[in-house]
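Structure record follows, encoded as structure tokens.
The first chain written gets the first letter, and so on, giving A, B and C; residue counts start at 1 in each chain.
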Amino acid sequence: MTLSDPVSKTGIETVLSVEGLRLDLLGSPGQPGLVDDVSFEVRAGETVALIGESGCGKSITALAILGLLPAVVAVSAGTVLIAGEKTTGAKARRLAALRGSSVGTVFQDPMSSLNPTMTIGAQIAESRQLHLKESRKVATEKAIELLELVGIPNPRSRAAAYPFELSGGMQQRALIAAAVACEPQLLIADEPTTALDVTVQAEILELLKSIQERNGMGVLLVTHDLGVVAGVADRVVVMYAGETVEQAQTEDLFASPAHPYTRALLSSVPQTGKRLKPLPIVPGRVPPAGAFPQGCRFQDRCSYMVPSLCLDGTIPVAQVHPHHESRCLRIDEVVRSERTP
Amino acid sequence: MTTSHSMPVPLPASRRRPGLRVLRQIVRRPAGAISLCLLVGLVFVAVFAPLIAPYDPYDQSLRDQFQGPSSEHWLGTDDFGRDVLSRLIYATRIVVIAPVVAVGLAVLVGLPSGLFAGYLRGRVDAVLSRIADALLSIPAIVAAIAIVAVLGPGIGTTMIAIGLVFAPRLFRIVRGATLSVVEEGYIDAAQSIGASTNRVVWVHCLPNVLAPLLVQITLMMGFALLAEAGLSFLGLGVQLPQASWGSMLKAAADQQFRAPYAVIPSGVCLTLTILAFNTLGDVVRDVTGDRKTS
Amino acid sequence: MAVQFGSWLLSAVQGDFGTSLYTDRSVAESLMQAAPATISISIVAILLAAVLGVTAGTLAGLRRDSWIDRGVSLLATLGIAMPSFWVGLLLVSIFSFQVNWLPATGYVPITEGLGEWLRHIILPAVALALAMTAEIARQTRGGVVDVLSRPYVLAARARGANGGWLVRKHVLRNSAIPVVTVFGLQSASLLGGVVIIEAVFGVSGLGTLAITAVVRQDYPVVQAYVVLVAVIVITINLIVDVSYGWINPKVRS
């Protein structure tokens, strides 16, 4: 096992480290990667939001971290470290041993993420049976405790119920219980509230927060919902067309976005206390994978674009100031311009 | 209500001249082209059997019993010294006619009843569906045997029996497809402008059940051939001296201890033909995008 | 005629199927005598088909597009197209006449020794099972491929489930519903196929009894046979319906 120092200079453990990750569609040599040059970290006790429009590569990045890429996609460069252990290039068996024990996962649609023919209790007990080698009986008792922890009333009878007997919110609570059953250092939540009612969304986010405070896990929250980000994330990583384009502390990002895409994204969110006026929309669409342009991938939709600068080569990530970086050659102009374009 | 003058209700564009389009798409796929060739070839052999067959298939010669393959008799001779190849060639006539008659009868019974049951629903549907359910609780071969018991053995009655056995199966498919078509808006549109029941069923429902019907007909041809061969093997179908691949298998089986491999030619012919029907059925299903009749 | 049939059915329920027109024997007695051979061959064939079909289909579905998958699908296509009675004849050619390992004809009751019984039954059962095995393998493969693409399988893998655990706990049961449907349909059609297989292997079972009766126009026997088979098929359908509930908890409620 290759163990690098999991404790960074700040003294807080880094539970996830993604470095220069590139993903390619097999059988399409010479094309730009589905995901390219993605780097970020998640530390213990911290919530990092990975945001972007649908199709920007955030979910496939999450699958790559878990080692669950579809057969047609492969990691072609970069490394992923979970709790200090390198998982890119690791054996399938070793990856399976990490999933559920070091890293828990919650997916978007709770109904289809639960096995319809298995009781709720059995699905929560599953990872304890697999990783901690507990007997079914012991693991099921633990599952009942976990159901109580995630705020499900009558946990004993709910544990014996089948998924279709629970509401969507309860199903997602059960899945969260299953994800944290072995007290992982990292939780990946891929759009955990998107399929739920608005009233339930807040409850689920609240639950994730309270579990995090309890066991100090790091959370990677994959979402397209800026409202969710503002509420729970400590830091934000913005992705566009397979690249990370900006990352910063949440307040910093909302106050002074340093990438035109982030700016456009933020101005399309309605804000309370302001006069109603038509919301600006981001013109154009994310280019489909395989049709990414040379130079900056946001060039077609960018109002700061300068032909002599933005259309060639690869655009490097630059520091705006410490802990705030942006993949843009015109950061100064972007930061200096008015809040509303 | 009974007027046959109604506004033409436009059909979806894909329904125009569907036959040619489907055929073109079938031939474009290797599997479809090969099976279609094989089946068309069989029809050709059946039509020109007297010209192709090297010998008279009924010509007996007890001196030449059970000869192995030779330059004179490519596939050898049978228990009466008859040329096996010639008998196989003449038997293709049964192979071509039997499934067409049987499936034709099934369509004649199953298609109208299925269309009307699916369109009218209510009591008509309930009664017809009950009858179909009852008939379907008997395995095809067993039901066919029962019908042959009443009508008497022979290739004609066997084909009728197979046709009647397949009718409720076809009824179900057509009824189901009609039911789902009736849900769509344009049938209501045709009704609302006063088209008669007959017209709605034949002009508006029928074109929309053609795809699953075509798939089913193709697959049923294979089953009909298999059933004919089985019943002929049992001695209930084709009667001597006429030959079908099934009855030839029976003759070979009876003498198996003397010529163990005489069962091969007719069996291979049967398998290949059924394979062609099944493959063609799958291709037709893919081409017409019909997923319901799996 | 309806009244006639009604009164016949009433006595049939009480075990009285009337008397054969040809032999003067009680029809019920003839059926009882012929049944064991047919039942033995059918049950062994159904078991073979279920075990082999599910195993082959699962392996093919798990190793999609591998050589196993291609092999299984080729064999399944052939298995469906080859008439069972021809396969029976080929098996006899090989195992009875070529190497002389197994008897070509006849049936020995299980009371005269399990080994002899099995020796006589195995060839007809294999021939009979072929088509059903092929259909079950196809359906199982389709079911497994479908289930593997479901989000709950991804979720289970994200929990650390893999290999045999994943297949046992998450894949098999969820892919079972369409397989059970095909199992019911194929069991019924196997009961038809066994008639011809009996003729191939010279077994005097229910099918042979029925065919003889058809040729002799012995209606009481044919009638009793058809009703008996229908009752068996309806029973199989009932078992299939009950098993839906056992497999899928949602059906139960």
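Quick note on the criterion: a contact is a pair of C-beta atoms (placed from the backbone, for glycine too) under 8 Å apart; a residue touches a chain by one contact, two chains touch by 3 or more.
For clarity, every value in this text was computed on a predicted model and none was experimentally measured.
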> Taking every chain's C-alpha mean, which one sits closest to the mean of all protein C-alpha atoms?
Replying inline: C
> Which chain lies the greatest distance away from subunit C when centres are computed from Cα atoms alone?
Replying inline: A
> Centre to centre, by mean C-alpha position, how many angstrom separate subunit A and subunit C?
Replying inline: 51
> Counting in whole Å, what is the centre-to-centre distance of subunit B and subunit C, each centre being its mean C-alpha position?
Replying inline: 24
> So what's the Cα centroid distance for subunit A and subunit B, whole Å?
Replying inline: 57
>> Residues of subunit B that contact two or more other chains, please.
In response: none
> Taking each residue of subunit C in turn, which ones touch at least two of the other chains?
Replying inline: none
> For subunit C, which residues count as touching subunit B in their complex?
Replying inline: 77-78, 80-83, 85-86, 89-90, 92-93, 97-98, 104, 188-193, 195-196, 199-200, 210-211, 213-215, 217, 219, 222, 225-226, 229-230, 233-234, 237
> In their shared complex, at which residues does subunit B touch subunit C?
Replying inline: 137-143, 145-146, 148-149, 152-153, 222, 226, 229-230, 233-236, 249, 252-253, 256-257, 260-261, 263-264, 267, 270-272, 274-275, 278-279
>> Going by the contact rule set out above, which residues of subunit C touch subunit A in the complex?
In response: 150-152, 154-163, 165, 169-170, 173-174, 247-250, 253
> Contact residues on subunit A for subunit C in the complex?
Replying inline: 66, 68, 92-93, 96-101, 104-105, 107, 109, 112-118, 123, 126-127, 130-131, 162, 164-165, 175, 178-179
